Amino acid sequence: MTMTKEDIKYTGIKVENVAKGKADWYLFNKLCKSCYLCVAKCPVKCLHPIEEPNKDNSELGLFETPVVKPDLEKCIGCGTCQMTCPDCAIKVQRK
Amino acid sequence: MVKKLITQDTRMFLTGNEVIAYAANAAEAEFMYGYPITPQNEIMHTWCKLLPKTEAGFLQTEDEISAGFSTLGGILAGKRAFTATAGPGNVIMQDAQSMAEMMRLPFVCAVMQRGGPSTATVIYAQQETRLTCFGGNGEGFRIVYSTAGHQDLYDYMIKAFNTAWKYRFPTYMLADGYQGKMREPVTLYDPASRGISMVPTEAFLRAEGKIGVDRDATHLRNTFNLEEELMEHLDVYKEEYERISPEIEEYFEYKAEDAEVLVIAHGIVARSAVTAIDELRAKGIKAGLFRPITIRPLPVNPMRAAVKRAKQVLFTESANGQLAQMCLEKLYGLTTPYSTLFKMGVGVTGDDIVSKVEAMVKEPATV
Amino acid sequence: MARIKIALAGEGGHGVQSVAKILVEAGYEAGKQVLYIPNFGVEQRGGVSIAFCQIADEKIGEPRYSKADIVIMVSDRAIDRCSTYVDENTTVIYDSSVCTKKPEVKAKRIIPVNANEIANTNPELGARVFNIIILGVILEATKVLDVEDIKSAMEHALGKKFEAKPELRTKNHKALEVGMNLLKEAAV
Amino acid sequence: MANVLEVKPDLAQAQCAEVGASKFCPGCGHGTILKTLAQVIDELNLNERAVFGCDIGCSLLSWNYMNIDTVQTHHGRTTPVIYGVTRANPGTVGIAYMGDGGGLAIGSQHLVNASVRGENMLILLANNTNYGMTGGQMSPTTMPGQVTETTPYGRDCSITGKPAKGAEMIAAIADPEKSYVARSTMGNVRGLKKVLKAALENVANGGFSFVEVLSVCPNNWRTNNIKTLERLKEMEEFFEVKEFITPAKKEEV
Amino acid sequence: MVKKLITQDTRMFLTGNEVIAYAANAAEAEFMYGYPITPQNEIMHTWCKLLPKTEAGFLQTEDEISAGFSTLGGILAGKRAFTATAGPGNVIMQDAQSMAEMMRLPFVCAVMQRGGPSTATVIYAQQETRLTCFGGNGEGFRIVYSTAGHQDLYDYMIKAFNTAWKYRFPTYMLADGYQGKMREPVTLYDPASRGISMVPTEAFLRAEGKIGVDRDATHLRNTFNLEEELMEHLDVYKEEYERISPEIEEYFEYKAEDAEVLVIAHGIVARSAVTAIDELRAKGIKAGLFRPITIRPLPVNPMRAAVKRAKQVLFTESANGQLAQMCLEKLYGLTTPYSTLFKMGVGVTGDDIVSKVEAMVKEPATV
Amino acid sequence: MANVLEVKPDLAQAQCAEVGASKFCPGCGHGTILKTLAQVIDELNLNERAVFGCDIGCSLLSWNYMNIDTVQTHHGRTTPVIYGVTRANPGTVGIAYMGDGGGLAIGSQHLVNASVRGENMLILLANNTNYGMTGGQMSPTTMPGQVTETTPYGRDCSITGKPAKGAEMIAAIADPEKSYVARSTMGNVRGLKKVLKAALENVANGGFSFVEVLSVCPNNWRTNNIKTLERLKEMEEFFEVKEFITPAKKEEV
Amino acid sequence: MTMTKEDIKYTGIKVENVAKGKADWYLFNKLCKSCYLCVAKCPVKCLHPIEEPNKDNSELGLFETPVVKPDLEKCIGCGTCQMTCPDCAIKVQRK
Amino acid sequence: MARIKIALAGEGGHGVQSVAKILVEAGYEAGKQVLYIPNFGVEQRGGVSIAFCQIADEKIGEPRYSKADIVIMVSDRAIDRCSTYVDENTTVIYDSSVCTKKPEVKAKRIIPVNANEIANTNPELGARVFNIIILGVILEATKVLDVEDIKSAMEHALGKKFEAKPELRTKNHKALEVGMNLLKEAAV
């Protein structure tokens, strides 16, 4: 039987209350390949590769390269990064 | 469901290509994909002419590559689909046949051999024997019936579908231009009347059930990332192929029991051999025939036994020893001397064989 | 008769295959074993057309033979192409009103007939039934089939045309008869 | 910052969970195209009717990406396999997924003839202007001057001819009465989704659809994220992004 | 005229694919037609990279069908043209190869085998051995050199051009993914420095002279109207092929003189056999190697002699006995028992052979 | 009425005397097309530069028809053989002669890619709306309702799609700067000659030309002279006879 | 060596002085396949298959079927038949 | 040394093949017999990448071997994939700062090194030279090549980059040294 989406535990980053609290921003680090297309596409340029990723395995991507994280203040929660990510590594959840 | 045309034994006077179309219908084949090539065209023509009655399907594709691959599509969809080809068409269809081999798809194809290589002639040959058994970039995990006349065409075309679906190896009915174009009497029958029931087909794609609820999504592939993954699959295929071979092997012997000169031939050349053997026996020469019907897999044990008994062997083909190569591999270790009568792209007649055997008797071959 | 091997050869337009089909059909209907291979090549038209027929009482082995019992040649090119099927047991029949030469072969017998001339000159016949005259010749030469078998096979093949034009039937029957007589006369 | 997140990624039902981490290279356009396709399949509720065929090319890496019945075929042969399926089992929504090489070079006889015959299927062609899987050779769509392994000094159109325009060709030969033909780009995911939706709706209604998607191959292009998107922009200027034939236009006629 | 890059002996550390491109240039090849496929891509890449220096030509075609046929076009035009392929590409290129066979065109192709059947793997195998020797709808009137390393790649790629142009049979350099992708040292040289002069090419179309004045128009064909016309041609080809075979046959023996266990292997597997034989000899087991270099035509006489001398034979291949079938045909009549070590699509290592031979010595095979 | 005539037939230099009696069936269009081609070759004095390739199809019967260097190829493969020649030996005026099956079905990947690349050659396609050589099956160009061996009840376009239009397709993909694309008909020999002349001139100047000629197949159509010409007229109405791209138009641009 | 066109002797029919003497009309019978396309195309419908061809081998075509001949009176020597003939069997020579 | 067989395995991004190339290039320049097969599969990225190297004094026979003399594993998946090349004569080296597990194999020796950690923490180095540290480890483990040979091969491979940024050269040389020492220490 297929492992359903529910069975899988995803690790990663959560940035709460972006866009003035209107949304939460998630990154599933084992889906991220560090292509940084999201970084290039972010309309407010608030997304960046993590410079010094910690080693708790939530800031290194599939190929053990640094994942990305938005600037809490600047992120407008528009979802462009989610739409851009070829690997479904980002989710912007409106509240 | 297709409508079956033959519900009771019917004797008819048909061309071989017509027989094959009828046989496919008798086998409840539902779809033919094909591209024209002489000498198989009339299989398609007959199939098309019968469509209003059979309610089956047909697609004329843009080439044999597409004919082969769309046949695979039909099979994947769960239909008893088939195709037919010859010569250069058989050559370029090998790509699809290789995919069938790798994915264990019940591919069925009637091959009506013509002269080769290249476009050569549209007429007749046995020069696609090796190609049909072993073509492509694989190991020839295929099943090939070589027919010797219209009754065979009917019987083995029906059987090919069952063999393919039962064992999941690509299965061929290997005939030739003479058989396709010639007319002779044949008895068509409903397979059920002979106790033959058709192995049910199976939808490899879009099977019953809701994905993720009743079943997983099907993911079929033919490519592996590692050499070892590939070998694992092929080892299983090989093991299965060898295991089922004894069930599949068929052969025909004619006066082979006490034959001093054993003729080994397949397909329609074996028919000429029968004519020759009768003549030779009338002349007091103890000739006999061993005809493998499955030329892949070969009926190795009976063939070895027959060769061992004989004083001399004659391989004869309308090719340059394509069957002989396959046989000699399996006959290694024996020492019965052999001769050959190979006529590339041309029919072998009874007279040809008679003269050759007479010469062999006069001056026996040595190993 | 164990088995009789017939090779019939002419030009593309001569209706050689139609005649052969009627012949084997008649054999089949008469309950004989029959085997017929039309000669075919890449050229749709223009080449020599040969029909290889066999009629037998028992199951037929070889589909093609080295030497025929009867070879019928109705053009110069047919003579060239078909001499290979002739040996000292073969009866050779050729149309001397079409061919400009005589077959140079060693055969049991070599019989000229003038079917074409007759077809064109006999007011009851006509160029169209040239091939049926040849059929009559073959019928007489092989002697393995009944004229009625042939007529019924002709009905099978040409029935529709006969319905439309009943005089065609008469013409064809006549041609058959003429052909048979032709050989009888020639054979004397 | 909790390690295990309480939400799941937005994977469509038609997309497999296990391969959320697909086998494509970082930044590869195949991922974007396929996730969008999966969303559209969900939205049109075609999960049970769809059959997905993938070509040999990097598209083969999608052999277990979609959570719908899938068959991997040979290089260039996805089109005949899929019309083989839909001919035999009408009602199937057949999708043939391929690269520009598989579609416009080695499989072009199938592409052309399936389009002319109006086979009931979607041909979805990811145009990344090179042969990705084999390491980046020239393809029919390689841009003028583009450096590839077989045009190491840049594509010289005076020798190789100009880039092939797939959608324009299909628009010229497909039957306007039953076809949907468009070029989209992964640079505009919203637009891509609209196009894929229209294309699949047309197939579900018995029609033929062809969609070329401008895609990216950062691995063989040897581009970083910025350069990748710049090249994609250049492509969008060179290859016109538009609907060439739509069911709507059909009604106008 | 192309510019030759290697004018004096040059030791280099290259991948096999690079070596082949250099060899083609050394052989004064003027045009490459090709379609990408792993593991032969770097032949094309290297060829293309060198174009400004070599002033040769290149065309990337739409598929392998066109690569094969356009190569024939280049040859017809009188150019030393060639192509390279592998796996499924080799399968669909058989159509063009059959035309070359029929028309006796000096077709040269480097085949870099990968796993099969179907797309399978992009890596390595010896599963295109039969396909390369006998593919298509013909009789395999082809010449196939099987190489075992970079020096071979260089030597035989050069030789392939001369063989093809001298004898007018399609000629292949059969290698594999390992050889194509691996790096090892190799000495490149100018063929002239080894006394090798290139057989001049000839324009089959647009030869010198005015049509109807100096010469007839050339009319080349591959299709015949009659079976007999076809046979006449093929009989000549066969006779010529058999006549020239002794000039072409090449083989390599390693400690085969006194070998009790004779390993028969070709290509790179034969290299593993050398490693194994050294180990086995060190262990006191008299093992030896017979490696056919031309696997088509096979060096039959020396092979029979070697097998006759041995107590046991081991066939080993990265395939399911494709070479073995070809050899056993030619070994018929001998009774030396044989065993097999076949690994489909996977490399055979020295250790594999050592274990197998040890087992054979412990428990000898019987026929 | 003397038996031996004092004049000779008007055979072009580029046409062989011995095969004045060609192997084509009575009334076959291949004869008309080839004799016209031969005349044009004479007029343009291309006899030494030309290389003629014929496909498998009834076109193969022309393997010794032309008195210029000729190679018979495989079904669908004349295009790659000929561009193989012209690539290797520039200056050659390559002519690939084929039927609608060889060109638009089995050889369509070559047709399309040669057109896109602008190979320096003439692709000359005789469209007789069926597969002549194999006994008259449906081809991509078979007319709606036409009876063939594989459409014994008439071509049903709802199943097979509509007839392919070769010249229109090539016109959509060929490089207008170096291409000549036209459809002509053997029903207008003077027009055919003009078209062939323009086409060969373009090739001689380094360009790519595609000419489709509406042709007839009385043998498989089972038509007499009158019916044959009537069907040709129908074809001329269905398939537009015109120059699609001309060197002249190019200059206008 | 190719047999040149000059070497070959052609047999057939000559109709002298058609078109009011402006042309001679020739038919090379061993080239004619009796397709009768010329008949259908003749603008003045003056061309006909010979009903009762004589046997001197100049009125039977390649396949021994009747060739064609124009009506001397009606023929306008326009050359349409020559242009039409797929097999180059007709020549209309203006004088 | 008759022949030394080395298998080096890591993730796609680890630069395993670049290191292997430098190694064999150095061997070649030093006049050794060398043979190098990069592992390649259909996936351009994402799989485990393995380099099969051999360095020998005499002509090398088998291109691929069953068991290696030295196996270097720099990721968990590399451990899984490469255990098959290990037997009781093999020295296994793995990066314990990348791998979360220990190779469970029967080997001559199993040596953990923490190259990745060092690369990331030593301010003179950096993540980029991780693979060069590994190269140092191999150099020390095999002992068949001179450090100068390696340096000159590095110059060959990275020379252009070194020209542009001379500090890179220092960094890489340092990394090499660190790698060599790492093994010396671990081996104690």
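By written order: A, B, C, D, E, F, G and H. Residues from 1 in each chain.
Note that in this section contacts are C-beta pairs under 8 Å (C-beta built on N, C-alpha and C of every residue); 3 or more make two chains touch, one makes a residue touch a chain.
Since we're looking at a predicted model, the values are computed, not measured.
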Target chain H, source chain F, minimum contact steps: 2
Contact distance in steps, from chain B to chain F: 1
Dominant chain pairing [most C-beta pairs in contact]: B-E
Distance from chain G to chain A - Cα centre to Cα centre, in angstrom: 86
Centre-of-Cα separation between chain D and chain A, whole angstrom: 26
Centre-to-centre distance between chain C and chain A (centres being mean Cα positions), rounded to whole Å: 87
Whole-Å gap between the CA centroids of chain A and chain E: 53
Sequence positions of chain C contacting 2 or more other chains: 41-43, 45-46
In chain E, residues with contacts to at least two other chains: 38, 62-63, 65, 88, 95, 99, 118-119, 121, 123, 212, 217, 222-226, 347
Residue numbers of chain A (touch at least two other chains): 2, 4, 62-63
Partner chain F, residues of chain B touching it in the complex: 35-38, 41, 44-45, 48-49, 52, 58, 60, 62-64, 88, 118-119
Chain G partner contacts - residues on chain C that touch it in the complex: 11-13, 45-46, 75, 98
Touch list for chain A against partner chain H, complex: 62-65
Residue ranges of chain E touching chain B (in the complex, touch as defined): 65, 87-88, 90-92, 94-95, 98-99, 101-103, 114-121, 123-125, 127-128, 130-131, 134-139, 222-231, 234-235, 238, 319-320, 322, 324-326, 328-329, 331-335, 337-338, 343-347, 367
In the complex with chain D, residue positions of chain F that touch it: 104-109, 112-113, 116-119, 140, 160-162, 164-165, 168-169, 171-173, 175
